[in-house]
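One structure follows; several queries about it will come next.
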Amino acid sequence: MARYSILRRTIATPLILSALLLAFALIAWFVGSRPFNQTVIDIFLQVVFVVGLYTFIGNSGVISFGHIAFACLGGYVAAWTTIKPMMKGTAMPGLPDWLMQMEIPFWAAALAGGTFAAFWALVFGAVLMRLSGIAASIATFAMLAMVNAIYSNWSSVTAATSSVVGIPIVRSIWPYMIAAILAVFVAWAFSISRHGLALRAARDEPTAAAASGINIPRVRLIAFVISGAIMGAGGALYAHSIGLVTPDTFYLGLTFTTLSMLVVGGMGSLSGAVLGVLILSSLIQVLRWLEAGVQVGASTFALPGGVQEIALGVVMILILMFRPSGIMGNSELTGLRARTEKPVEPGTD
Amino acid sequence: MGGLMQVIFDALSLGSLYALGALGIALIFGVMRLVNFAHGDVIAFCVFALLWPSVDAVAIIFAGNLPWFLLIPFTLAVGAGLSVLSEVVVFRRFRRANPATMMIASFALGFVIRYFLLMLFSSRPKSISLLPGLSQPVEILGARIPLLQLITILVTIAVLIGLTAFLRRTRFGLEMRAAAENFTMARMLGVRANRVIMGAFALSGALAAAIALILGSQTGTANIMMGASVMLMAFIATVIGGMGSLAGAVIAGFALGAIATVMQVILPPDARAFRDAFVYGAVILVLIFRPQGLLAARGTKERV
Amino acid sequence: MSLLALSNISVRYGRLTAVRGVTFTLAEGEILFITGPNGAGKSSLLRAIAGVTPPAGGRIDFADHDITGRAPEDIARLGLSMVPEGRDVFGSLTIEENLMVGTGMHSGTRGWRARAASELEAVYATFPILKERRHSQAGLLSGGQQQMLVIGRALMTTPRLVAIDEPSLGLAPNITDQVYERLIALRAERKLTLLIVEQSSTRAMMVGGRMMLMRGGEIVLDGDARALGQSEAMQAAYFGYGEH
């Protein structure tokens, strides 16, 4: 009964967010221009990543710098399973035969990427989730660096630092929209599940939660695996959106962008995760456009490269300074008025 | 014999870099519980401060042409200055924030610094020749050791002795140690919070500059990412050393240098490229058994 | 002329109000005990005076300065020395280093080093055990010795007012006696003003002076310690009789 009522009370949030994403997709469909399509695809992918990040950080309060490693794992699964066998043979000769021959559709690659990432999240998480606070954050950073070091050097299966090309490009916006909406629903379902509620209780009142029998490392691990799966699937789709992968595609840059989107939106809020993506993506687009150069009268005005990241960093710092719990705080969009819990800053534990 | 000496010197010089980096991070963590992710970018900034802004592949040396007795103080001042500036402009406003918020803010600041460099210099690595006299080898106990390696080790030892004396013998050092242990109590005894924190940032920035000089001379390149790998190892060293413990940070830094060098030697050639991955893995394993670090510092409970 | 004057001070932690509308003045050389049950807001009041938790409302004057919302180090430098609850010694510093931390506030004034040295000798004369163990780590001292150390440390700054939070907490009665003996002697010697927080009024009745009783963040009684201590009003107020 209680479960049913919480479901009814909160279902509006994923529905509203899905409607928002659908609206973006429809705009892109009506406009119909290629560059704009690509932008909207990027936004959907960022939604997948940031929602994946939220699933762990938002519920556990532990800052992770390592989740993009799972996107990397997923992205390379897409490369391994969808590139034509002949091309794989030259770029990544070390692949086992069964993988070499494999050629599956992109959605299957996304599922495989998610599964592969979830498996490694389970392995890493079993170790990392025993840590807490700052040590946990730095260990996730070490995990990211470790995955990057391996993928940048294992030339026989990852082609080392050179680009792996030939991944079939999916240009339609709909698969990405569906993935983003699915991610939102998975994150929502987890957050109202028994484990999700237990994890948030542990985030806000660690001592009380432990005393009432919540096994904190275990619920954290569950969140870590689910978020890892979302990141992995997102990574695979990212590979299909641009047709190639390199280890550095999935490193500090993407970590920074996704984390800043989550911070700006509000780490404790699913709606915040989605809104953070929409707001910062718009800002990034405007800056990219200015970096490319704007015709002002007879002269072209262009911002130098790098301004985009600098602006993003400054926005992030300002938000942390003046509104550390982000735009949404800990509240969600419910259609009526924002449902507010006690607003908390990002936790240390 | 010569081979063994070579390994020992490699380990010591790599460990020196990690120890200096870890010290810079632990100093700031000690007084304000900030894990400063911008530290690595301060290192890169110090190297680029010696160049004239340009996006060409060939560096236009600017301050880098100074004689060494001016070059070194100049670089140290740049590091200290940038570090203090980051305190005044950014971190001062986070004094009452929790450590996680500060950590993310420093991550963002690091990106701002890095892309500021990218804007002026582009992301292409540039070749520079800094203190070129130091690349010639010297012979010690049958091993040919680059002079720079020897100087790196000696400089690090000198820095450690100097810093210890500073912390033990001066009033500022006393106030800093007191503040690191219990900041509020120190303030109630009249210790000026801003002065101590700015002092810690200045020292930390100067240490970053020292790393910049060593890295710049060692690799002969200026790269906006050059601080990143040292910084990550330095972080790990501070965690293993027990956040905030200066001695722990230094010991853990040297230990990491030794582990990395030994792995370089004993790993089969195919696996050498994965050296760092092995080191990170080893570190994660250490943290499981000693989550508080190997040498937990007193009074490092996160301040509320 | 009063040394310390609080008017309408309130302290809040989030939605919780710990101190509400406290007003009193303290004259130079006076000794004031603030007593009251757990959670009465005594420590919060001290923290507000010391500048650690800035008050949510009201005004605090100390030595002719408005110190409301000033930083703890500025307040300390005006001569208000705080000994917080829980004996916060710097455990990894030696005893002598602990004592010297506070003398830095006078650096730059003429002859401060000599004065610090003579203060150090004075503290050692008061608490000989500290001199004996001057080079050992403060964290290794017993509870009573740590209490002497924090009081000595507070005195090193040549303060005009010393505020002490529960000097007898966790100490054996005979050690508490010693600590109080020293405090009373010091007060006479240096015309110190003392503000002492204790949970029970027993000590205040023994020592004498002025006593205030706090309950629920407010001052409910204020008067002579010995007279108040024996009155039934005190008992009633402490335990909150007659409110239901």
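Every chain is named by a letter (A, B and C) in the order it is written, and numbering of its residues begins at 1.
Definition applied: a contact is a pair of C-beta atoms (placed from the backbone, for glycine too) under 8 Å apart; a residue touches a chain by one contact, two chains touch by 3 or more.
On a predicted model such as this, the values are computed, not experimentally measured, just so you know.
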Key: Longest centre-to-centre distance from chain C, chain (CA-based)   = A
Task = When you average C-alpha coordinates per chain, which one falls nearest the overall C-alpha average? Tell me, please.
result = B
Remark   = Chain centres from averaged Cα atoms put chain B and chain C apart, in whole Å, by 42
Key: Rounded Å distance between chain A and chain B, as computed from the means of their C-alpha atoms   = 31
Message = Just the number, please: Cα centre separation of chain A and chain C in whole Å.
response = 53
Request  = Going through chain B residue by residue, note those that touch at least 2 other chains and give them in order.
outcome  = none
Note = chain B contacts chain A in the complex at 35, 90, 93-94, 97-101, 103-105, 107-109, 111-112, 114-116, 118-119, 122, 228, 232, 235-236, 239, 243, 273-274, 276-277, 280-281, 283-285, 287-288, 291-293, 302
Ask   = Considering the complex alone, what residue numbers of chain B touch chain C?
value = 171, 174-175, 177-178, 181-182, 184-193, 298-299
Ask   = Which part of chain C faces chain B closely enough to touch in the complex?
value = 50, 52, 71-73, 76-77, 81-82, 84, 88, 90-93, 97-98, 100-102, 104-105, 107, 139, 153-154, 157
Remark   = Note: in the complex, chain A contacts chain B through residues 61, 63, 65, 127-128, 130-135, 137-139, 141-143, 145-146, 149-150, 153-154, 252, 256, 259-260, 263, 304-310, 312-314, 316-317, 320-321, 324, 345-348
